[in-house]
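Both complexes shown next keep subunit A, but they swap its partner, so subunit B is in the first and subunit C is in the second.
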Partner chain A sequence: MATVGRALLILALVVALYGVAASIYGAVRGRDEWIASGRRSVYAIAALVTGAFAILEIAFLRSDFSFATVASHSSTTTPTFYKGAAAWSSQEGSLLLWLWLLSLWSSLVLFATRNQLRRVAPYATAVLLGFAAFFAALLVFKETPFELRAVAPAEGNGLNPLLRHPSMMIHPPMLYSGYTLFTIPFAFAVGALITRQVGAADWIRATRRFALGAWLFLGIGILLGARWSYAELGWGGYWAWDPVENASLLPWLTGTAFIHSIMIQEKRGMLKIWNVSLILATGVLAILGTFLVRSGILDSIHAFGASTLGIPFVTLIGVLIAASIGLVVLRRSELRSENRLDSLLSREAIFLLNNLVLVAMAFVVFWGTFWPLIAEALTGTRRALGPPWFDKYTVPLAIVLVLLSGIGPVIAWRKATASNARRNFLLPAVAALALGAVLAAMGAAERPLALAMFVCGAFVVVSVGQEFWRGVGVRRAMTGENPLAALRSLVARNRRRYGGYLVHVGMALLFVGVAASTAFNDARDVRLAPGQSVRSGDYTFTYRQATSRISTRDGELEKISFGAVVDVSRDGRHVTTMRPERGYYPSRDVTGLGPVGRFFEGEATSEIGLDAGLRRDIWTAMTPDIRRLLPTIEQGDRVFAAAAGKLPAQLEGQALGAALKGIVDKYLSDRPQATFRVISSPLVTWIWIGSIVVFLGGLIALWPGPDAARRRVSARYAARVAEDLGRA
Partner chain B sequence: MPPARKRRIRLVVALSAAVLLAGALVYTSLLSSNQAVTPSDLRSAKAGASYQLTGKVVAGSVRNTSSGVDFKVRDREGPTAVPVTYSGAVPDPFREGREVIVTVRKEGATFVGERDSLVTKCPSKFTEDATQRS
Partner chain C sequence: MDIVALLVILVVLAAVVALVSAPLRGRAAQRVRADAEDRVAELEARKEAKYRELRDAEMDLRTGKLSQEDHRVLDRQLRAEAVEILKALDDARG
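Right after this comes the complex of A and B.
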């Protein structure tokens, strides 16, 4: 099967190269049959890579250790659910996933636009096929997932226990979907620039749904990563400003700017040069994000090990940047704005400001991420920046961004009048300031930046809520529908607009959660013996007793866990009981390890204790002190080493099981100390609630609209809506 | 005011803001960043200065202490190692032989790790063979 998989990838590479040539030849010569052939190449690649990906997945599910990548990243004891996900835990598997998603999304967009953009599409096809050829070449010549081992081992290394989390199934595909989807508007922008078809109707309308999809998938991927990180001890809370995390944030920030600024081009024919520059930058940053995790050029938690992909990726990124700049400069005359900004108090101006803030954030994140390389070039010394530096810039920018997300949707196009501003902003401003005053009186003034975020978040929620209220009111007046039906039809008739509003509310909730949990969290690291307590925030954590257990899977020992029962109380009243623990997986590499010791020398994972609530989260993790067990473990190693080969295998296994049981029992009887991290943190749950709201809003905005006939509204209805909303 | 002049003023204001931001970025970056070093580089470390240390945890060097963990970090390629004292919980992937990044400050003969600064590379991407681990 490996040979078939490799052959499919070679075929995909050949078809991609042919497709690039066919598309360009067809476009230059005006030969429709060649253009269609180029498009069909994309479909063919999707089929070929689907076949290759299926072969790899089957190998993982069957634990076929003749595949080198399966032997390195899976095992028979890896749960089936995670065997499928183990495919993309490797360098080569993740590259194949990237190519597969690229081929699927490319096929979808080219099928959807098969009768549109006849001049732009062939060049876009060539660009997409160029990306496909690049990744197929990497998989054929550099990092093949179909390498075979001369002798298949009886057992594989297994998926690292830390990765046995449901997010492993969704987080990477979401991120890669985001990255690959961003290549689609990138490719169409290149096509538009080459053919000088740079109007909104030419490429933006055809690809904006894909841009929105990219933004949504990448955002979900980032948030799933944050949630995963939150559930794993030592992965830096939910955000650590790690280079690889930052690399995924960069295209998301510029992509966010893009999906806002294209509205101005659609409505007013402005910001054409800005829009193409933004999407070209976003496309390059998506490739950069893919590259950074595999390069090793920056020190990151998430970076792959040694890699040979640096030169190909740097070459690709260099070509993309040079081509992007060259195309924008060459087409600058076609990219002139059709209109000018009429007033700084207008939706266009607010969107522009929002874009500047987002790009400034992206620049700050880029600068901080690449500062080690910049510093080395400037001073000859490699230097690194920590989270406080990132916070210093991004927090104020985020506050401005949230405020703008409350102003932008309701301010008038072209020029806002005083009455328009009063009508739209008076209530949200008063409500937000009143909330701010109450929170300040309650002590939030100690953290002014967090307080500012709360005020801005409240402004957004009230501002958007007011828009929904008015819209529903107008519909009810027009149709007599009940409030729920009126809300449903209001959203259904303008999904993009009201989906966008929901996204703004979700982002405001998310940022409020981030501000509160960052500014007001209380984290303690402490060593406790059973019966001892520690205080964090308003809560007292008492280490009541130690726990231990042996887990088995399919008759084999899976892990040994040492944990704690922790009682949490507030003002003397019991709040919850948590059971954090640390699981020790046996080492697969037995070199130099004793038969007993190897069960404590493998990977270790923490299962956190979490009591989440709308007001606060209580979080704890523990590291057991197993030093007292070491003499017993060493003694066991000596005994079993001396008995090696003298006992029947079954008897030796039973004896080993009894020895491990004895060690586990000894841990309990020792009343062991343990190191705890306890955290009480307010409003963390609102980060995840905000994320869900963003997701729902994004889905609504993405969902195909009703039939054109249903969307048509009467002139009278439109006039009344406009009048009621004060935008006439 | 003529529109052309208005646009020029806006451009100057925007460019000035960009230059100011860039200046602030460079200044604070130089001021706030720690020198990224390997254990070999720390032979000339100054007492009290902070460094971002990268290297591998030496086999057999990890000792649990009452407040955290003591261990030694060596060069990726080479035997030079420095002792590190770290307080608090360590990341799950932390193990002997693993590559770590930790912000340290020299205190006497040892290097004290800054709280929450210890990171261990994600094992998902650790593709080297077991036999290559030190």
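Right after this comes the complex of A and C.
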């Protein structure tokens, strides 16, 4: 099957190259049959790569270790769910996933626009096929997922235990869906620039939903990564300004700016240069994001690649940047605005400000992420910038962003008068300031930036709530519907607007959660013996006793866990009992390791203790002190080395099991000390609740409106406009 | 390479060639008036956008974001712009 998989990828590469040529030839010569052939190339690639991906998945599910990538990233003891997802934990598998998703999304958009944008679409097709050819070439020449081993090993290395978390299995497809979906508006923007069709009516209308989908998927991916970090990495945080985290945030920030600013182009014919520049930058940043994860160019806990892909990716990014700048400069006269800003007190002005803040944030993140490379180029020494540097700039920008997301919904397009502004801002401003005063009196004034975020967050929630309230009131006055039906029809008639409002509320909740959990968390690192306690915030953590266990899967030892029973109390009352653990997975690379020692030389993961609540999360992780076990482990290795070859395999396995059981029991009887990280952190849950609200709002905005209803409304307005025309 | 794999690859190759070359093998598609159609599509979209602006302005009036006076001025301006688009649309459709 590997041969077939490899052939499918070679065929995909050939078809992609043919499709690029056919699309461009058809566009230049005005030959529809060649354009159609180019478009069909995309469908063909989707089918070919689906086949290749299915072959790889089957190999993983069957634990076919003749495939080098399966042997390196899976094992018979890997749970089936994770076997299916282990494909994209490898370099080659993730590149194949990228190509697969790109081909599917490209097919979808080209099918949807097959009778539209006849001049733009062929060039967009060529760009999308160019991306497909690039990734297919990497898979054929650099990182093939279908490389076979001369002799298949009996067992694979297994999936990196850190990745054995449900969110980590969905996280890469979500991120890659976001990246690949952003290439679609990028490709159509390039096509629009080449053909000088840069009005909002064409490329923006055709690809707006794909941009929104990209934003949604990328956001889900980022949040799942944050959740994984919080629940799996054992440090208690959800965001570390790690280069790979930042790489996914960059296109999300510029993409967020884009989905706001295109509304101004759609409504007013303004910001054309800005919009094409934003989406071109977003497309390039999406490729850059993939490159950072896959190249290992920046030190990151998430970078899974080696540097073999550096030159092709840098070349591609260089070409994309040069071509983007060249196109925008060449088409600057077509990109002139049709209108001017009527007033600084208008929704357009707020959107512009929001765009500037988002782009400023993207610039800060970009600068901080690439500073190690910049510093190395300038000084010869690689120096990274830590979270305090990022926080210094992004926190004030985030506060302004949240404030703007509350102002936007309550201010009119074109021009808002001071009296209208007063009417709309009064209630949200008073409510937010009142909450701020109460929180300040309760001690929040010690953290002024966090307090500012709480005030702005409250402003957003009340202003959006007021919008829904008034909108429902208008609907009820017009139709006599009950409040629920009025709310439903209000949202259904303008999903984009009200879905967007919901996104603003979700973001406000998310940022309030971030501000509270960052400013008011209490984290302690402490070494405890059984019976000892430590305080964090209002809570007392008591290390009651040690735990240990051996986990097996299909008769094979999966891991050895050493843990603790931790009682948490508040004011002397028991709150919860937690059981954090450290799991040790055996090393598959046995070179130089003894049969017992190898069980403690592989990967180790943290199983955290977490009591999550709406007001506060109580979190703990532990690292056992296994130094007292080392003499026993070494002694075991010596005994097994001396007995090597003298015992039957079955007996040797039983003896090894007994030895490990003895080590696990000894850990318990030693009453071992352990190092604990205990955290009491407020409002963390609101980050996840806010995220759900954001994505619910995103889905509403993305959901297509009923065509029939739109036509009826259009017809009604058309009649009114025609009536005016008749009177004129 | 085993024979089954070779057969599978040949079948896939034939299917891909058939799929991709179908538009080239058939009767040459009649050249559509792409530019004119694109122009109509663009104007239709501009019309929809203008109607959306009109609806938004009406909603802004009803929810108190715009005063009666501001709305009257804005509404008149938007309708004039809509009329221009409708005229251009009629011209484009011939």
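The rule is short, and it goes like this: the second predicted complex is superposed on the first by the 697 of 728 C-alpha atoms of A that agree within 3 Å, B and C clash if a C-alpha of one lies under 4 Å from a C-alpha of the other, contacts with A are read in each partner's own complex, and residues count from 1 in each chain.
Just so we're on the same page, a residue touches a chain if its C-beta (ideal position, glycine included) is under 8 Å from a C-beta of that chain, and two chains touch if they have at least 3 such contacts.
Keep in mind that this is a model prediction, so the values were computed, not measured.
For the composite obtained by overlaying on subunit A, subunit B and subunit C can both be accommodated side by side without a clash. Judged by the touch definition given at the top, the superposed model places A:A36 against subunit C, while subunit B stays out of reach.
In the superposition on chain A, contact of A:L162 is made with subunit B only, not with subunit C. In the superposition on chain A, A:D242 makes contact with subunit B only, not with subunit C.
Contacts of A:A54 after superposition on the shared chain: neither subunit B nor subunit C is touched.
Of the two partner chains placed around the shared chain by superposition, subunit C is the only one that A:G199 touches, whereas subunit B remains out of contact. Of the two partner chains, subunit C is the only one that A:T417 touches; subunit B does not reach it. By the document's definition of touching, of the two partners only subunit B reaches A:Q91; subunit C does not.
Here's the short version: in the overlay, subunit B gets within 21 Å of subunit C at its closest Cα pair. On subunit A, the surface touched by subunit B in one complex and the surface touched by subunit C in the other have no residue in common. Subunit A makes touch with subunit B in their complex at residues 72, 89-91, 157, 160, 162-163, 232-236, 240, 242, 293, 299-306, 340, 360, 363-364, 367-368, 371-372, 374-375, 379, 381-386, 388-389, 392-393, 525, 527, 588-589, 591, 603-606, 621, 623, 625, 627, 675-677. Subunit C makes touch with subunit A in their complex at residues 1-2, 5, 8-9, 12-13, 16, 19-24, 26, 28-29, 31-32, 34-35, 37-38, 41-49, 51-57, 59-60, 62-67, 70, 74, 79, 82-83, 86.
On the subunit A side of its complex with subunit C, the touching residues are 1, 3-4, 7-8, 11, 15, 18-19, 30, 32-34, 36-37, 40-41, 43-44, 47-48, 51, 116-119, 197, 199-202, 205, 266-267, 410-417, 419-420, 423-424, 467, 470-471, 474, 494, 497, 713-714, 717-718, 720-722, 724-725, 728. Residues 3, 21, 25, 28-30, 32-37, 52, 54, 64, 66-68, 87-95, 101, 103, 115-131, 133 of subunit B touch subunit A in their complex.
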